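Have a look at these structures, which come just after this line.
What follows is a pair of complexes built around chain A, which joins chain B in one and chain C in the other.
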Partner chain A sequence: MRRRTFIHRYRHQYLMLLPGLVLGGMFVFYPIVAAVFFAMQDWSGFNADKVFVGFANFTRLMSDPFFWAAFSRSLVFLLGTVPIQMILGLVLAVILNDRLLKLSNLFRTFIFLPVVTPVAVIGIVWTFMLSPFNGPINGFLLDIGLIARPVDFLGSSDTVMPSVIGVYVWKWLGITVIYWLAALQTVPSDVYEAARLDNCKGARLIWYVILPIVAPFAVMILLISAVAALNVFPLIMSMTNGGPFFASEVMEIFVYRKAFATGDGSIPELGYAAAAGVFFGLVVLALTLLQAVIARRTRRGQTA
Partner chain B sequence: MSITRMRGLSRRHFLQSSTAGAAALGLGAGFGLGPAMAQGIPAAINDIASGASLRWIDSGDQKAVFYRQFFAEYAQARGVEIIYDPLPWNEIAQVVPLGVRNDTAHDVFALPQNINPADAVAQDWVQPYDDFIPDIEAWKAGFPQGAFLPGINEFDGKTYGLPFTSNKRYGTHLLFNRAYMEAAGYAPEDQPLTWSGFRDAARKITEAGAGRYYGFIIGGSQLGRWAQTVRNMGRMAGASAGGDSVVEADIDFRTGEYVFDSDEYIGAVELLIAMQADGSIFPGVMSMNAPQARAFMPQGAAGMILQGPWNIGGWEGEHPDYDFGVASGPVPDEGPTGKLTIGQGALAPNTMFMYKNSPNGAIVGDIFHYLGTLEGQTAWANIVGAGDPPIFPEALEHADMSDRSKFALNMFNEQIRVGPNPVVGNSDIAQVIGAFQAPEVNFARTVQGLVAGELTGVREQMSALKDRYNAALDAAFAEAGAAGAQVDRSDLVFSNWNPDVDFGASDY
Partner chain C sequence: MKLPAALSPRRILFGSHRPTARVALVSLGLTCLCLIWIYPFLWMISTSLKSTGEIFAGTGLVPQEIVWENYSRAWVEANMGRYFFNTLFVTLGSVVIVTFCTATMGYVLGRYRFPGRNILFLGFVATVFMPQGFTIIPIFELLSALGLSSNLIGLTIATSGHAMVIFVLLFAGYFSQLPDELEEAARVEGVSFFRIFWYVMLPLARPIVVTVVIMQVLHAWNDFLLPLVITLANPAIRTLSVGIYAFKGEQFIDWSGMAAAATISIIPIVVLFILLQRYFVNGLAGAVKG
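Up next is the complex of A and B:
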């Protein structure tokens, strides 16, 4: 009776929640379940010949050097992008947070503008920018005499990952700055006054005053940036297609290549690709859960 | 020559009269015959319901020029709607299978490149069209020998797939900037470049360019370009290998063995590496695909490209002031030039199939029928030309083509031979092809890796490549055998094959 009464009392609220639940079920829950199901099949994805193989795909995955190489590159990408975003974002945020700074809003806009530009457009434009033939970056480097021959940034395994990392940081730096700006709003103004009285400014201000206060947010921003850095399919696909010779093949590209075997003479292996996707998804999920745990602790700390 | 010109003049006069006649009949400004269509749309061979909607998907390129024009006129003539989707191969690889799985496939589609016709038939992707072309045997008799082959486009006596364009073409012949080439001292149209000449010309063009243009360009991020380049250079240097599928393209049918470790293939890879070391290869090839590389040529960024005849019509139409030449791919420095081998007369990627559940068989049959007549073939040749040659040789005689296109087609006929097709010899081989999983580091990736410097030791790498392919092929045979196929690697051996002559039906 009590349960029935509760449901009845909030029946309108539940009815309002139903569309969201249905959509979530269709586009989030079902694909997750389907992916796990496919991960246990030996299946090309495009015919009726499905064979249940249990965890064989995962077992194979563990001994696949190409999978681990792609996984490693994803980690390299993460380690290459997140620290730069964090540090550079914090510095820019502190600078832009100075209310006395002229035109700070204009600079904020310029920094944030790449964030709202579609990734595919960014990829195409930067491919042109980095081109060794008529690309402005190579043109500039040649003009100042720093290099004698154009550098194929995206076509060399030595330079492709740094190049893609650089473009990624440039694109998403703005949102990191926004996160930091939000965090900086929690620093009381009297702290700045006290610091000024003590002649504490610049790097010392950031390190000794601001950073301890915003440290809890730093962890949050770190994890958000880390999860985002593990989802870079459109940028790398539009710039390098995972090449040259696997040099920029991160996990999403590996999954895509295995799933669709686009024109290289291989047979699509959707089941195996699903296994790779599930495994990688679990890694990202672990990071997300870690984020949630830390968020909870942060709130508890604030309450105390 | 004068007769051809007279005929051309007559055709133009006919078109003018027809157009005037149409106007006189008050059919409206929207009606008209296309400039390259011989006689417009012929009468329908089937009863076609007005208002039907047909969807067609293929890989586009120059084909799209014809289809857009043809479909517009056809739709108007028949009172139907035709939705045409020209897409890149990597998108076809997704769109077609997903459409089949979800029962939303186009009515007519080209098969993804990793799906063979036997698999498509076995998996119920496609249906035959015998019921939609009256007296189909008489119609098929109009095609050249080898156009319809059991296991290729005939299964259980039924006809699947329309083989309307010729496979006698190759995608690694030379297209060059004539001004740059002349300055380098070569005339490839008169004397095909040898391997050393190819390298020397590239170097000289690069030196002349001084950073503004380079000797050679290739769409290096499109992996298949590396494989095709080495394969065809190796074949022309004497490594006899034949066939069209990934399984057999690098197998010598006289021995049934892969030729990856042959001196010819190794030499071709070494040549590309040497040119890279020379600095003659356009910087940036590793991150550009074939269409991007192609686009740079008319801009003067490179002097040479090894691509196919589909460029001819495109460049002539879009860059009329671009003075380019067409010539053979590089030939060996010594000894005779080997022939290139194809496995069937029709170009497999262009073969169109009807979806299993398409309700528009009458329309499909009507279109297929037209494309398989001299009239349709000539209309095709007029627009597409050498890019995708019509399968009817007679159509080439009637078509309006540029000198470059004619040169290319004559060159193809001279250099290309039809070789054995293992599927024709034993239809169960199709199951082996369907089971074949290329190694992770396949032929294309190996060549790319070697040229890019990611891999070293050409001979060692090519030998290891052969081992990987042998293992993959043995696994495919084992899998097919386990599934009931009666196959053996000896099915890939045709001891009576002579690479210099066509392998006919009687040779099997």
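Up next is the complex of A and C:
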């Protein structure tokens, strides 16, 4: 009886929650629980014969050199992209925030253009840009005499990661600039005025005056950028498929290859792929929590 | 010839301020950067208008002879027309679903205390940053089980689902700040719970609606992993991103056709962006501040 009145009392609220709950239940909560369940099965995905194997998939992961290679490559990618994006983004935002700069809007538009372009398109256009067969980048480098013969940027395991990192920064720098601009808008103009009177400018202005004020936003931006960088699948997929010889295979490509692609002729292993996904997800979750703790510390430090 | 003062390059570049050397230098630097930045786009458009022979002859950006035929080839042979429609369907459908579901949910979560609220909140916050690779397998399985894995409806619902968390949190944060008086006044007048939401509260949340719509359009138009996995079995429902990716595999030699297909797939989103630039920028800024 109590239960009925309780549901009755909040019936409007629950009814209104329903559409969101259904959608979230299907595509947010269920997949996370199910992924953990799949990760404990030996299952090809083709048929119904799942075999419960407990943590066997995880122990196998720990001794799979391809998994660790992909895992560390994801971290390399993270460390290669996020700092450049953060620093370059901030410098550009500080410059573009200047009211004296009349063409600021036009510059913003140009820098933002790659952001609104679908990733798959960017991957393909850059495949051609970087092509050793008449690609414009090679053409330019040959013309100015920096290289003697065309470089196969995406086809050689030495150059593929730096190339992908460069294209990624090009694609997403615009959004980091917008985030930084939003943060800069919270800096009161008399702060700039005071800094000008003290003849504080350039890197010192950014480091000593602006950064302390925008620190809480910086943590948020760092978090968004870091998680975005771990989700680099589409760009790498459309540029290299993880190749050559797995040289650009990051975590998500590994998961995809194990679960769906049978390029190497082996059968799909959904259970094993799910285990890799779960392990990776846990690491990301840990990173997120770590950053949340740091964020809280920073904020507390500021109010103190 | 002397230009009128208002049209002088100096005025256009620096406005009525006195051009200091610093501003001039910075503008010059930025101009160079921007040219590098948009070069791939210029190259893509120029390639889409060249003949195959001319691409490999390695001439400059301006095509000697404009070959419009590349576009018709991309549109018809590479099925870009079909993929274009699919992408539009998925994008519009998911925008409607996402905005409705996240606004209602954010409203209730932001303004009411009810049993289960904290658990829901905690659950959402914990999943905000879950990478797509983590959940793609169960989502694929779920859609198969529901018989939705090979049609546009399934793709649309799935596209709506996996990006909703941050939107719910944005709505909840915004709705929780609105004053109670409005709602109370409406309730005294006898307006029902749902009508208050629809006619009073939702119109007030317009800035967040704009943010959500824009972020979802960007997300749906850009999405790759999900449509790739879902359309593996049924090429007819490929989106533009996946279609172009498949085109690459099938006809790697056709640079001009590929460039034309790429140009087609970015035109709508770029036009939309240029028209609604202010909203795009404010919307994204809202995501960081919110």
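The working rule: the second predicted complex is superposed on the first by the 276 of 304 C-alpha atoms of A that agree within 3 Å, B and C clash if a C-alpha of one lies under 4 Å from a C-alpha of the other, contacts with A are read in each partner's own complex, and residues count from 1 in each chain.
FYI, a residue touches a chain if its C-beta (ideal position, glycine included) is under 8 Å from a C-beta of that chain, and two chains touch if they have at least 3 such contacts.
All values reported here derive from a predicted model rather than from experimental measurement.
Legend: residue contacts after superposition of the two complexes on their common chain; A:277 is shown touching chain C, with no touch to chain B. When the two complexes are overlaid on their common chain A, residue A:113 makes contact with chain C while staying clear of chain B.
Applying the stated contact rule after C-alpha superposition, one finds that A:244 touches chain B and leaves chain C untouched. By the touch criterion defined above, A:143 reaches neither chain B nor chain C. Of the two partner chains placed by superposition, A:190 touches none, neither chain B nor chain C. Of the two partner chains, chain C is the only one that A:35 touches; chain B does not reach it. Contacts of A:152 after superposition: chain B is touched, whereas chain C is not reached.
Among chain B and chain C, the chain that touches a larger number of residues in chain A is C.
Where the contact sets of chain A with chain B and with chain C meet, they give residues 127, 133, 260.
On chain A, the positions that touch chain B within their shared complex are 45-48, 66, 127, 131-133, 142, 149-152, 154-157, 160, 239-241, 243-247, 260-268. Contact residues of chain C toward chain A in the complex are 12-15, 17, 20, 23, 26-27, 30, 33-34, 37-41, 43-44, 47, 55-56, 58, 97, 100-102, 104-105, 107-109, 112, 114-115, 120, 123-124, 126-139, 141-142, 157-158, 160-162, 164-165, 168, 193-194, 197, 218, 221-222, 224-225, 228-229, 232, 240-242, 244-245, 248, 255, 258-259, 262, 265-266, 269-270, 272-274, 277, 280-281, 284-286, 288-289. The residues of chain B lying in touch with chain A in their complex are 89-90, 93-94, 97-98, 100-101, 112-115, 119, 123, 211, 220-221, 223-224, 246, 279, 282-287, 289, 296, 301, 434-438, 440, 442, 444-445, 448-449, 452, 454-455. Taken together, the chain A residues at the contact with chain C in this complex read 6, 10, 12-14, 16-17, 19-21, 23-24, 26-32, 34-35, 38, 95-96, 98, 100-103, 105-129, 133-134, 136, 139, 170, 175, 178-179, 181-183, 185-186, 217, 220-221, 223-224, 227, 230-231, 233-234, 237-238, 251-252, 255-256, 259-260, 270, 273-274, 277-278, 280-281, 284-285, 288.
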